[in-house]
Amino acid sequence: MATLGLVEYKDATPEVRAVYDDIMATRKTDFINNFWKALANDPATLRRTWESIKQIMAPGALDALTKEMIYLAVSASNQCPYCIASHTAAARNKGMTDAQFAEIMAVVGMANETNRLVSGYQVEIDERFRT
Amino acid sequence: MATLGLVEYKDATPEVRAVYDDIMATRKTDFINNFWKALANDPATLRRTWESIKQIMAPGALDALTKEMIYLAVSASNQCPYCIASHTAAARNKGMTDAQFAEIMAVVGMANETNRLVSGYQVEIDERFRT
Amino acid sequence: MATLGLVEYKDATPEVRAVYDDIMATRKTDFINNFWKALANDPATLRRTWESIKQIMAPGALDALTKEMIYLAVSASNQCPYCIASHTAAARNKGMTDAQFAEIMAVVGMANETNRLVSGYQVEIDERFRT
Amino acid sequence: MATLGLVEYKDATPEVRAVYDDIMATRKTDFINNFWKALANDPATLRRTWESIKQIMAPGALDALTKEMIYLAVSASNQCPYCIASHTAAARNKGMTDAQFAEIMAVVGMANETNRLVSGYQVEIDERFRT
Amino acid sequence: MATLGLVEYKDATPEVRAVYDDIMATRKTDFINNFWKALANDPATLRRTWESIKQIMAPGALDALTKEMIYLAVSASNQCPYCIASHTAAARNKGMTDAQFAEIMAVVGMANETNRLVSGYQVEIDERFRT
Amino acid sequence: MATLGLVEYKDATPEVRAVYDDIMATRKTDFINNFWKALANDPATLRRTWESIKQIMAPGALDALTKEMIYLAVSASNQCPYCIASHTAAARNKGMTDAQFAEIMAVVGMANETNRLVSGYQVEIDERFRT
């Protein structure tokens, strides 16, 4: 169970409801997932985290699906079960196919392998790679 | 210095040279970076790692640039200095702009933040996210 | 289930019971949590780990609650479910409020975010920060 | 060298200068460290990160020094060289003694050890620890 | 549930069955564990991963049990529940005793502790350790 | 530079010298590496860490070289530069060959890859692997 419990919409303060409303409006859904309900115990963190994600995940130089796939890749690399489940769902909502999912996982796996080979072999950065 | 040293092309066995040649041909370059020269001390690992990367990073359901950006994102999340330097260079070679780089980093940072918030608050996976 | 099972007090050797007794006396409780019961399969590790924790977590330049909150912060950062659950309970026993818990989590999240931004942007250490 | 370079005050846009000014005013210093100068290449991330840190690190249920010590503990656990150097300096500025530093490190080390023992032994969470 | 589901032998394509057959023949078992059934949704990754593991885990300069114990040690350090469970079983199949398991865990725990002490204290590499 | 500096033998208190003497006697060397000189600023941690390592790394159900190779494997997986350098040297002192080093690194890399594939695909633990 979530450490501080989950704050349901009906029990939420106006401050928390305002964030929930913006999440639902931005995502065009009536669903608030447990992450937000847990953070709602600390309204300042709820608001700051949502505002940050909203800003970061909006389409820019990268489209929304690519950003979501990077979010999923990092969550898989960090082995965070909740994050993998929620961002797999989010990426699928934005159009990620099963084939794309499998390719992301292959890259995540390979990057984790070569990151350790490089470190373990104590490889120095090539002069050419220094900015 | 690399633990087992770096194997230069002129000192390489035919088996190692064959991999080097394939790297240069595939990447359309005459440059072999230190990672491969370090791995060349173990030709089986050199070949296996190169064949795996070649297969994984080839365009498929995801294009080559997106794959490279995911590789960079995971390397930044893992805080691997060599990997960040080399995959930043690789992604730029494939067209990554400074604005795209900055957006990748913003997503990597945010994912690392929320991964810990979720874990720390002991948030349970929403029924809806279970496949 | 714990890999080597859990050693209950009634089944424990005198060597293990001596550690259990010291844990209960030090913590003023009659409760031994599963971590110790699992380690008890390796009495040397049980004793060494308990003696180390007892020494480290005793009040010193930092008070016991601050140490417990740091332990919890690191466990949340490492995303260790058992450790988060047990050290949240321990910190609450020592007086951690819900508001303090929320602030710890906010710091943990932020530190994980900026750690990756620093690494990803390849920021060099300022001369002023070198000791 | 920082991937996108460092933005010095004299070369900064008004938007970036406003953040720099707030950092210096809040911290009562005329020093802007490299982290901010690197982020300044992405003004939205510069502003968001600074506003978040300013909010999170302000005294609340925890005092400013305790928060800074937790930030340092997480950075040490994550093995981020820049972050360790900069947050050691920041914690010292807020009053951290050498003895406190040593105790933080002892807790960080121990937490990392027991986190792995718990995971490796597959210890289940005690019923009592479930909220 | 596995994101893309599990591919059972009876439902598998000839390409996937060929890998399954090789796994069972190499391991002298009729059991295919869930990891492979999950990867089978991406036959190229299934084949590449199996061929890599088969090559890496074969006896060489290190015997098969030592390799399996290192695999388990890294999985415990990474806190991957599935990997710990499966590689504990694999190591036991190859002869790992409970006493050896306990000693591996003690080393894993200690390495994680000293890795952070070294990083946190910003210890420079001794000249003698540079290759 | 090490945060609290390095304590040389000639400047050490009798308490610290006693640990240094035991390190040198146990390891049959006159060399104290920087890790211990950094920890010596906190004599309690110096003693506890040395006593723990001495106990854990002594031959038992596993021989000293195997333990050292596991220590190196975990350090490479954690990407700790100092630890990789020092434990590569220690393992070589105990007889690790270049071929063994390369095989350890291959296992470390592979374990890191499959740990993420398992997590990313959300694979459930096989009933058979539950103890």
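We just call them A, B, C, D, E and F in the order they show up, numbering each chain from 1.
Please note the rule applied: a residue touches a chain if its C-beta (ideal position, glycine included) is under 8 Å from a C-beta of that chain, and two chains touch if they have at least 3 such contacts.
On a predicted model such as this, the values are computed, not experimentally measured, just so you know.
Using the contact threshold fixed earlier, the set of chains in contact with both chain C and chain F is A, B, D, E. The chains that touch both chain C and chain D are A, B, E, F. Chain pairs E-F and B-E differ in how many C-beta pairs they share in contact, with the greater number at E-F. Under half of the residue numbers found at the chain C and chain E interface occur in both copies, marking it as a different-residue contact. Farthest chain from chain A (centres taken as the mean of C-alpha atoms): F.
With respect to chain E, maximal separation of chain centres occurs for D (centres as means of Cα atoms). Separating the centre of chain B from that of chain F, both taken as means of CA atoms, is a distance of 27 Å. Look at where the CA atoms of chain D average out and do the same for chain E: the two points lie 34 Å apart. Of all residues in chain C, those touching 2 or more other chains are 1-4, 45, 49, 52, 56, 77-81, 85, 88, 99, 102-106, 108-110, 112-115, 117, 119-122, 130-131, listed in ascending order.
Taken pairwise by the contact criterion, the protein chains are fully connected, each one touching every other.
Chain contact summary for the complex, chain E toward chain D: residues 76-77, 79, 81, 84-85, 88, 104-105, 108-110, 112-117, 119-122. Touching chain E in their complex are the following residues of chain F: 1-4, 31, 33-35, 38-39, 45, 49, 52-53, 56-57, 60-62, 66-67, 69-71, 73-75, 77-78, 80-83, 85-86, 88-89, 97, 99-100, 102-104, 106-108, 110-115, 117-126, 128-131. Against chain B, in their complex, chain F makes its touches with residues 79, 88, 98-99, 101-103, 105-106, 109, 122. Those residues of chain C that touch chain E in the complex are listed here as 3-4, 41-42, 45, 49, 78-80, 131. For chain A in complex with chain D, the residues that touch the partner chain are 1-3, 5, 44, 48, 52, 55-56, 130-131.
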